[in-house]
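One chain, chain A, appears in both complexes that follow, with chain B as partner in the first and chain C in the second.
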Partner chain A sequence: MLPIRGCEQSDELTHRQKLAGALVLLTAVQILILFAGFFAPYNFAVQDRERPFAPPTSLHFKDARGNVHIRPFIYDLEGAGHSAGVSETDSEHPYPVHFFVRGTPYKIAAMFASRVHLFGVEAPGHIFLMGSDAYGRDQFSRFLFGGQISMLAGLIAAILSVSIGIIVGGIAGYYGGWVDELLMRGGELFLALPWLYLLFAVRAALPLHISQWEVFLLLVSVMGLIGWARPARLIRGVVLSAKQRNFVVAARGFGASDAYLLRRHVLPQTYGVLLTQMTLLIPQYVLAEVTLTFLGLGVGEPLPSWGSLLSSLQQYYVLSSYWWMFLPALLLIPLFLVFYTAADALQELHKSVTL
Partner chain B sequence: MGRVHPWPKCLILAITIASACSFARALPQQAREERMIADGATGHAGGRLSVALRSEPKTLNPVLAVDEPSRDVIRCLTADLIHINRGSLKTEPSLAKSWSVSRDGRQYTLHLRHGLRFSDGEPFNADDVIFSFQVYLDEKINSSQRDLLVVGGKPIVVVKVDAYTVRFELAQPYAAAERLFDGVAILPRHLLESNYRGGSFSQAWSLSIPPNQFAGLGPFRLKEYVPGQRVVLERNPYYWKADTAGNQLPYLNEVVFLFVASEDAQVIRFQSGDTDVLSRFSAQNFAVLQKQQPEKRYHLDDLGPGLEYNFLFFNLNDLAPKGLPEIAKKQAWFQDLRFRQAVSAAIDRDGIVRLVYSGRATPIWDQVTPGNKLWLDDKIPHPTQSLEHARQLLQSAGFSWKSSTLVDPRGAPVEFSILTSSSNAQRLKIATIIQDDLSQLGMTVLVVPLEFHAMVDRLQNSYNYEAAMMGLVSGDADPTSEMNVWLSSGETHLWHPNQDKPATPWESEMDQLMQEQLITLDYAKRKRLYDRVQEIVAEDLPVICLVSPNILVGASNRVGNFRPGILVPYALWNVEQLYIQ
Partner chain C sequence: MKYFARRLVHSTLLLLAVSIFSFGILQLAPGDFFAPMGLNPQISSRTIAALRSQYGLDRSLPVRYAHWLRGVLKADLGPSFAYNSPVAPLLAVRARNTLLLTGTAMSLAWLIAIPLGMWSAVHRGKWADRAAGVVTSGLVTVPDLVLFLVLLLVAVRTGWFPTGGMVSAAFSDLNVWNKVKDVAEHLFLPALGLAIATLPPLVRHVRSAMIEVLEAPFIRAARAHGIAERRVLFRYALPVAANPLISLFGLSVATMLSASLLVEVILSWPGIGPLLVDAILAKDVYVVIGTVMLSSVFLVAGNLFADLLLFAADPRMRTE
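Then we have the complex of A and B:
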């Protein structure tokens, strides 16, 4: 017996370590996104029409004469404006990178106004860490600001669908019988609907004058409303088994009401599943937002979202000519992996706790 | 029963021998057949040409075809009486070898070529012409060409003079009458009359008909249709054009139209050598093709500005019967010329050319593009972007700024939406640039991409929009093809269509000018009239013209005689002369 327990303990330890690592990384990303205005050198909507599809600016420490500088500097692009994707640099004029510079005003969490940016270069110079898009807008700044919309959308939509899932799944599992049948078959119907076409129709029927926030809320609520069926099924399963446990049966025998039983004994058993579901759903909904924006149903220009950053990759010329347009996609892969690692660790932990 | 009378068999035999002889002795036969000599390099017969279509053609019926893929295929299968040469943009004889005009300009007498045959070998004569026009003009058939054949409110009257002479009588003189005949495909009476009389014409000549039931006067005839994949055409052995050396055209044995659904996929197929000719693709893809040319198997041509013009316009409809109070309030701005002028002045047309078209487009300030050299008014001023001027105009119209937001004289913030078609990436990009330009003036602009049909419904039926972005491509360089756009009663008078009487003095002037140019036969006089129309468009800005994209085409180096033009179809207009080197 002993060696097996020890093994379980060390497993639990690695799961905890994994979870902690993932959470630290996720928090770092959230901070980066929340303070996008500070970390981004430019506003997401500023167009530099002389520099469409500029490649990522490289940081230099060594100048043309071979002198090494501690402060990194950049060279601006030469002959900009004539053709997209210009790559010759003007090595005559170095622009040192300054930190904590004053630039375009922004707001953090829509409340605190500021003008200080983490880094930047002086006016005629341009620093595009991830290159620029078709309008000459800084991809790096857009990636950070885009994260605000995409992550918020993912979070709200996940909370929404899990909440509906709890209510529907809880009721269906607890009461069983025709209630269960009705709710679960209803859920299946929901899963079977061709949502994409429905969404196209909804967008065409909407009034033209809806603000970006209304579009955002619509997007989020649609994603959340579509997604409740799966968590509801899972929760129903957990509730179904939980309500037959001895202590629940005993509590019922002592005369506990349905509401009390659900609140006190049954639903707490679903928290592990819920948490895992949330961690899985957030990246899924971020991806759903990407898909919807990709299809033109997301937030409109000039607001960025991760979906709109990826949507330019639909075009062959972007795919084949401007490799830096892939950077947002490449950055999203590790982020989603972290989410899944967290979900995985959570699930394993939950398993070992219930065991 | 089962016994066949001997003489029909003999007859069949005789016909077979005769036709075999006619093939063997082609030259003496040609003497009777009045062939047209097409100039261009002499090629050699054989080979197949592959071209991509964006979608499957909907029909092969020339009277009913409206979609571009159908028309692209039908153009290779049929011929018209008088044709607009896509190279010179002038009319040239086609099935009619010559024509004369009566002194009052109301009667056109066309002399048809003798001895021509449809692609199934049946002879062609005036009866086919009479039948064709009867079908085109039949209101029940509802052909899209019918509108063009109604002059001065009355359908053209077609009279058979003799087996090879037809007279067309117009209700009033019509400046561009010769150009009317372009694209009106002549139908084989022997194949379609029974359908027409039996009321099943609209089902006739669908894509799935057996090839032997289809015949035309074009350089090719139908060979095979594979649903979802391709339409294959083969050379028409009875075609009536020859090259300067006297060889019968077309040179190609086969033309294959492949169905390739997206522009990007078409570009890739062309790049890999699957297709030989490419047109209707973006400047960005042009650059990609230019850059990634491993063995120089193909060449690309930028023909300069075509006839397409893209523009922004505001909703100037009378909204009282529609009950759209929110939009009606904003119309106070839209109807103010200074507001429209300010918007026009604030737009960075050069930026659009650079960012959206990689430089392969031309900024425009009125509807006639520099590609249309015959009708361009070069006196129209070309002001550059000036936010300063735009602000002055807005100020003079009573607008002001409240913490950098533009407000109208009543204090309401200036905010409106621009509709664009979600399937057109270029126009969406233009709208995004305009959004940014106008934000510099303190206007809040929403860009609303809609599915194309949903957008057209708002523009033409519900009028539920504020501003919209569109592009129009004239089918012809002549102003007559634009009647529907500039007449206030026109359906495509986008900003305020189908008016009973012109709403503004300049629209009433435009109506007069357009009607007058229609019946004026002298080019110089017509040009003066149409110049004035262009001036009105540039001054009163019913539409704010933005850019005209260049016509870009590409062709494999194997293709000889490739001479693209700026009129639709850009690349295949001389398909009978194309050959494989």
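Then we have the complex of A and C:
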């Protein structure tokens, strides 16, 4: 490694800062999503047919008489049950927002059962931070729970792609020769395919009425299986240059086995590429899941995914009349920004280290 | 020429692999188009069996594949169950529409990307370049889905653009000029969305390719000879920078096809995207296979075209 020049040092510092910032934000998002049951006031399937398309509930601190309260409170909708999208509120009856309230039971990570929610209001009142959908379900809660499915899809598929990539790329790069030729030709095939169409073809092959989790797992595995070629190529490149390094050649001279060399000296050098690929692939696969579900080919109701939250926007009247239905779509943009920032910073850091 | 022969063989093999893959996976799936009919008490199981044998669904997989492949050579892509017609003419209309959309979007994207990328490269590091950089990296983070939904929102809210389809209801009564205008009006929004979705990486690559070339000694020599800046950029620098961009063109066909599927569904452009989604839901297998094959053909054709362009643009390719 060359000594780092002055100007690059400051560059690296800002990349490190960027990466740290992005990671903090990502961790926060993951915690929100993982503990969706706690942060969401309602269960994702709880319906209130009397309040379809309720606009986002606004928090008040000042009551009708002008007194200021420290505890925020809300007003319930007036005339709920008569028309969708009503925004007049019944200012006679304030409902204070309580914290750590007991509500509908939920499970964290499918293991720990609890009833405690971060916030909520008392029974007849409703708090919809991001409005409600056609069935009067809380969009905020559905967004958090939907994140569980979409993020899990991204994670599983990315891990699958990268694992296959590291095996194939490692073997191709390390052994070379006809093995390399064969594996990389096969990879080209996968790179050249219109993969979204292919994914659809696979979806068509699944029976339409198998259980939600089977659909989910099958789709996610297929996404992961299709996408291995790019990480494999990159890892092959790193392995190719790594195996010619002096310390690897020296270790081989001392009689180290292939398995030892790969595990101890060669593969550790691919970690930078692996990490960068993971941060790039996760949002890509999250989007793939969102797209499939949006088109009605992913997990179905009542399970929420970010895709099914957006799919109601395909109806013109929802799109034009209820602006809050757009909020989940807009929230995805900063999330992807954070992901890409992290990937960018990782890439730059990795570059400045290996140069 | 030998190079092309090899590429052609490679492409054919690729298409064959895709067809075997999609055929195999679709036929392995449990249930077919006629399965839901079994639930209807008015349709006897004999009728369903007769329908199945009429369409050849009762024969074994290799037999059906061979039959289908023989049909493909005669431009017969099998029957569509849902539309009760052959797949080929059905697909032809949709393919024309998709080509119109992606072709327009592709031209639009490159027509914006090349000047913008060159401009950024020339003004490298200045505020204009930075602004362009911020805009393009901002656009990267907007998911295509969200972008298209925003466009749909614009169309629905403002009423400036038609919100779906390819032609107005009164299309057949219009004269030729108005027909063209009508289609263009419907085309504008999906093509714009598609162009925006594919634009950011193009601009970045044009910029970096140009920066590399602009630092070359021959550009300095050209400038030192007093050749006009515009001529230096377009006549001297651009052809040299074109090489990686042509390869990028081949790759961008894939992105374009995936994005066009979405834009077609969201803005209801009658291309192959909506056809595919409907066919999947109806288990209309030959339509699904036809659509997947067609998209692969587009992709392969795009890559071959890029190769041809590269051959024409780069003398080094010809001497090999």
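Methods note: the second predicted complex is superposed on the first by the 319 of 355 C-alpha atoms of A that agree within 3 Å, B and C clash if a C-alpha of one lies under 4 Å from a C-alpha of the other, contacts with A are read in each partner's own complex, and residues count from 1 in each chain.
What we mean here is this: a residue touches a chain if its C-beta (ideal position, glycine included) is under 8 Å from a C-beta of that chain, and two chains touch if they have at least 3 such contacts.
A quick note: this is a predicted structure, and the numbers were derived from the prediction, not measured.
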Considering only touches as defined above, state whether A:Pro302 meets chain B (first), chain C (second), both or neither. first
Given the touch rule stated above, what does A:Leu59 touch, chain B (first), chain C (second), both, or neither? neither
First (chain B), second (chain C), both or neither touched by A:Leu182: neither
Report for A:Tyr316: first if it touches chain B alone, second if chain C alone, otherwise both or neither. both
Kindly classify A:Phe200 by the partners it touches after superposition: chain B alone (first), chain C alone (second), both, or neither? both
Touched chain A residues, chain B compared with chain C: C
Partner chain in contact with A:Gln47 - chain B first, chain C second, else both or neither: first
When the two structures are overlaid on chain A, which partner does A:Ala134 contact: first (chain B), second (chain C), both, or neither? first
First (chain B), second (chain C), both or neither: which does A:Ala113 touch? neither
Touching both chain B and chain C, residues of chain A: 200, 203-204, 208, 296, 316, 320
Of all residues in chain B, which touch chain A in the complex? 263-264, 267-268, 282, 284-285, 287-288, 291-292, 326, 348, 351, 354-355, 358-359, 415, 417, 419, 422, 425, 429, 431-433, 435-436, 439, 446-451, 454, 464-466
Per the touch rule, the chain C residues reaching chain A in their complex are 14, 17-18, 21-22, 25-26, 28-31, 137-138, 140-146, 149-150, 152-153, 156-157, 163, 254, 257-258, 261-262, 265-266, 276-277, 279-281, 283, 285, 288-289, 291-292, 295-296, 298-300, 303
Chain B touches which residues of chain A in the complex? 45, 47, 49, 52, 81-84, 134-136, 200, 203-204, 208-209, 211, 296, 300-302, 315-318, 320-321
Show which residues of chain A lie in contact with chain C when the two form their complex. 189, 192-198, 200-208, 287, 290-291, 294-297, 310, 313-314, 316, 319-320, 326, 329-330, 332-333, 336-337, 340
